[in-house]
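Structures follow.
Below are two complexes that have chain A in common, paired first with chain B and then with chain C.
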Partner chain A sequence: MMQTVRRMELKADQLYKQKIIRGFCHLCDGQEACCVGMEAGINPTDHLITAYRAHGFTFTRGLSVREILAELTGRRGGCAKGKGGSMHMYAKNFYGGNGIVGAQVPLGAGIALACKYNGKDEVCLTLYGDGAANQGQIFEAYNMAALWKLPCIFICENNRYGMGTSVERAAASTDYYKRGDFIPGMRVDGMDVLCVREATKFAAAHCRAGKGPILMELQTYRYHGHSMSDPGVSYRTREEIQEVRSKSDPIMLLKDRMVNSNLASVEELKEIDVEVRKEIEDAAQFATADPEPPLEELGYHIYSNEPPFEVRGANQWIKFKSIS
Partner chain B sequence: MSGGLQNVPIVFRGPNGASAGVAAQHSQCFAAWYGHCPGLKVVSPWNAEDAKGLIKSAIRDNNPVVMLENELMYGVAFEFPQEAQSKDFLIPIGKAKIERQGTHITVVAHSRPVGHCVEAAAVLAKEGIECEVINMRTIRPMDIETIEASVMKTNHLVTVEGGWPQFGVGAEICARIMEGPAFNFLDAPAVRVTGTDVPMPYAKILEDNCVPQVKDIIFAIKKTLNI
Partner chain C sequence: MAAVTASAGRLWRLRAARAEGPWRGLCGAGLLRGFLQPASAGGEAAPRRQVAHFTFQPDPESQEHGQTQKMNLFQAITSALDNSLAKDPTAVIFGEDVAFGGVFRCTVGLRDKYGKDRVFNTPLCEQGIVGFGIGIAVTGATAIAEIQFADYIFPAFDQIVNEAAKYRYRSGDLFNCGSLTIRSPWGCVGHGALYHSQSPEAFFAHCPGIKVVIPRSPFQAKGLLLSCIEDKNPCIFFEPKILYRAAVEQVPVEPYNIPLSQAEVIQEGSDVTLVAWGTQVHVIREVASMAQEKLGVSCEIIDLRTILPWDVDTVCKSVIKTGRLLISHEAPLTGGFASEISSTVQEECFLNLEAPISRVCGYDTPFPHIFEPFYIPDKWKCYDALRKMINY
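Here is the complex of A and B:
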């Protein structure tokens, strides 16, 4: 799975440079252990919400690489029919894909409230980054989640840089796992997929036992810059990026473990890589060849469950139909 | 609120409105939102001269000023007139500028659409239609006098904005024209050209049809003039 996410993000990088993907594109290569490890620690019936570095989570929550790449290229085969783009991808029990920094955290607490209300033993993973961790709305969410004992796992994906600002320059306390104050927190090695999985399982069990929210800080790293418009080397050195790549790359760490414990041979892992490459190539082909969404559907899906109505275009003589 | 005791000399500036491919959460125009609030001043520059003159006036103003810039305009170069290069060059807040004189119709816009209006006017001039293009420069307090004087001369009005139609800048202009002397000089109902009334989609073909284009402005002008 991690290999698929890695290759998918690299393919997105390629397509962006060819200008086939436009607008925003925030890649998560380097952070694969987080999305894959978390998914392994929860059930498909649990819920997850994150910010804009979301392609990996979109995949682990069940969408295909095809749908994701086609959404990035703005085609009708995309998961949001080409209307959402990079930051607005959704799946069952996956609430995006949110562009506004930190705004997803109160939403996540709300989903946890719904989980508690519905009484089905589900939890909500509410993710945010080291940059968003300093936002006021996060602390408001902490307060309410703790007060009402919501089954919310707050997860800070600390990749050391909030856009171009290092954590030392942004936060008075870089112990993000302690920022929840009255919420118990743990610091997790975000480059080790098994570590992430076990920590997530522990956290989920804590919430399901009705003990209230819990906080996890995943220490991870992103190889790319903040987004495709950021080369990522003006605020950190190439040496640093290289060091992480050679010593802590999540895929390399897992591979080494598997080979050294005789769980898999190097050939078997190579085979997986070949299959992944093929899957990504097929998806990219589809994403570039699929046609754009039809103009008549511009006004669709504004409301849900609503009888059809008319949408005004650029002037009063241009009209689009809107159906739910 | 404080009875004149506490003033707030602050400027908020940043990109506003649609950019390119940034989808729903990053394309909204807030001109109508901020323009709604008494106590705020709201300015919206189009070209380089506007940007410089307005930011200086905004900073020197003792009131909260919101400056709505446009991300796509940051990279566009303009001719910078001599007087604008002085360090005390100010553009007064609350005064619109007539970018192009005309006699047949008044076209009012702010920010990036002003450029589209100037383009549309150039195209229509070849057909003998002379548009008077007004660059609002300030949303609040609105310079309705300049717009009224122009409408009283041309008898027709089209407003252009990037924001959504409902409860927007164009709607306010039309309402004020009706309340003032210019209403009796209108030969046709005023027309608004706006962004399409949907959250901004991502796919290029959809996005292109969600922002007012030169062809939409030309169409609206011709319809108003009954051509």
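Here is the complex of A and C:
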């Protein structure tokens, strides 16, 4: 799975450079252990919400690479019908894909409330980054979650840089797992997928037992810059990126572990590699060839269940129908 | 539905006729590299896209303010900030990523020149940035806050509307935060999608106590920004991000002021008044020349410049002369600032109007990602509305 995410991100990078994908594209290669490990630690009926570095989570939450790449290229086959783009991808029990930094955390607390209310033993994983950890609304969400003992796992994906600002320059306390104050927190090695999985299982068990929210800080790293327009080397050295790539690459770590404990042979892993590459190629073909959504959809889905009304706009004589 | 497809079809043909390559029009050829490249971008072999929805038209060089230098919009902003920090020892600039120069390079070199206690970064917290700025301003120091994109100004909306705007009023003039200026990149850029393209001036126009200013060019930007900083009221200065590199003009090196709350009549005319601000001014300039050429219609173009408080007299005087008014902006139609201008003008100049006031604005949808070229009020939509107004 991690290999698929990695290949998918690299393909997206390639497509962006070919200008087939436009707009914004925030890649998460380097952080694959987080999404894959977390998914392994929870059930498909649990809920997850994150910010804009969401392609990996979209995949682990059940969407196919085809749908993701088609959404990136803005086509009909995309998961948000081409209207969302990179930052706005959604799937069942996956609430996106949110552009405004920090805004998804109170949403996550709300989803956790629904979980508690429905009584189905579900939890909500609410992710945010090291930059977002300094937003006020996060602390409001902590307070509400702790007060009402909501089954919410707050997860800070600390990749050491908030866009271009390193954590030391942005935060008075870089112990993000302690920021919850009255919420118990733990720090997890985000490059080791098994570590992430076990930590997530522990956290989920904590919440399901009704003990209230819990905080997890995943120490991870991203190889690409903040987004496609950021070369990623003006605020950190290439040596640092290389060092992380060679010493703590999540795919490499897992591969070594599996091969050394004779769980898989190098050839088997190579086979998986080849299969993944093929899948991604197919998906990219589809994404490039799929037609764009029709123009009428400009006005769709603004409101829900209203009788179709005409969307006013630039020209008094061209209106779009809003259908929901 | 048939009407919609017919008109959409016409739009398609028009686009195909004038665009080279795929129709996915990208506004602002200069912004291909995206915002966040601080240093030199490095060689990119991909061809530059030349299709934009407007052409920047520089104003003739001003003779009154001394020596001028060729600058684009972000350089003009840097120059204005440089002048302010030099003149006013209490001035400080802060915001996300301003220390290295800002994501649009508006503050390049200022930290080296004036020191890290005057130009500094804040963490990622808009509400905190503006609240903090209000605090600085209340003590009398000059605070120049940057909100990285106008789309992110909403966490700070409460601070601006409830704290900054009402400070002087509620304290009976004992306290004020007049030395606060908030700068923010604004408007569509071709690939911004929902959260990097918004034009929120209408939200702030509803709030007495603040001033909202939007320049159309580097020369205007520097003068207006310096006026905002010196103005004794909290000001919000929106900078059209698509013009940061696309707009190049001769701008005076020395500081100068352009008065606030004064609209500028850029071109005199007798048949119809066109009002816009920011990037849209360049769109309607083109519409005016199209109208002159194809319809023989003489257009009077007004750049509103200050949205709040806006220059009612200039606009009304113009409408009394021409009898027709077209207002255009990128923000959605319902509740956009054009509605305020339209209401006031019909109140003041009802008997002078020859045709209903036309508003050519964005659709009432969130700012779309892939549909942007169809969403924005480009010159064809404005021209069409103008034609219908003339033939009313």
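Simple rule for what comes next: the second predicted complex is superposed on the first by the 323 of 324 C-alpha atoms of A that agree within 3 Å, B and C clash if a C-alpha of one lies under 4 Å from a C-alpha of the other, contacts with A are read in each partner's own complex, and residues count from 1 in each chain.
Methods note: a contact is a pair of C-beta atoms (placed from the backbone, for glycine too) under 8 Å apart; a residue touches a chain by one contact, two chains touch by 3 or more.
Since the structure is predicted, the reported quantities are computational estimates derived from the model, not experimental observations.
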Based on the shared chain A superposition, would you classify chain B and chain C as clashing or fitting together? clash
Partner chain in contact with A:Glu292 - chain B first, chain C second, else both or neither: both
Contacts for A:Gly74 in the overlay, against chain B (first) and chain C (second): which applies, first, second, both or neither? both
Identify the partner contact of A:Gln31: answer first if only chain B is touched, second if only chain C is, both if each is, neither if none is. neither
First (chain B), second (chain C), both or neither: which does A:Gly23 touch? both
A:Gly85 in the overlay: touching chain B, chain C, both, or neither? Say first, second, both or neither. both
Tell me which partner A:Ile302 touches in the superposition: chain B (first), chain C (second), both or neither. both
Could you say whether A:Thr220 touches chain B, chain C, both of them, or neither, answering first, second, both or neither? neither
Scan A:Asn93 for contacts with chain B and chain C and give back first, second, both or neither. neither
With both structures superposed, pick whichever of chain B and chain C touches the larger number of chain A residues. C
Both chain B and chain C contact which residues of chain A? 22-24, 74, 82-85, 87-88, 99-100, 292-293, 295, 298-299, 302, 311-318, 320, 322
Which residues of chain A touch chain B in the complex? 22-24, 71, 74-75, 80, 82-88, 98-100, 292-293, 295, 298-299, 302, 311-318, 320, 322
Under the definition above, what is the set of chain B residues touching chain A in their complex? 19-26, 165, 191-199, 201-206, 209-213, 216, 219-220, 223
Complex interface listing, chain C residues touching chain A: 1, 4-5, 7-8, 11, 24, 26, 33-39, 42, 46, 96-97, 100, 121, 123-125, 127-128, 151-152, 154-155, 191-196, 332-334, 358, 360-366, 368-371, 374-378, 381, 384-385, 388
Listed in rising order, chain A residues that touch chain C in their complex are 17-19, 22-24, 74, 82-85, 87-88, 99-102, 131-132, 134-137, 162-165, 169-171, 225-231, 234, 292-293, 295-299, 302, 311-322
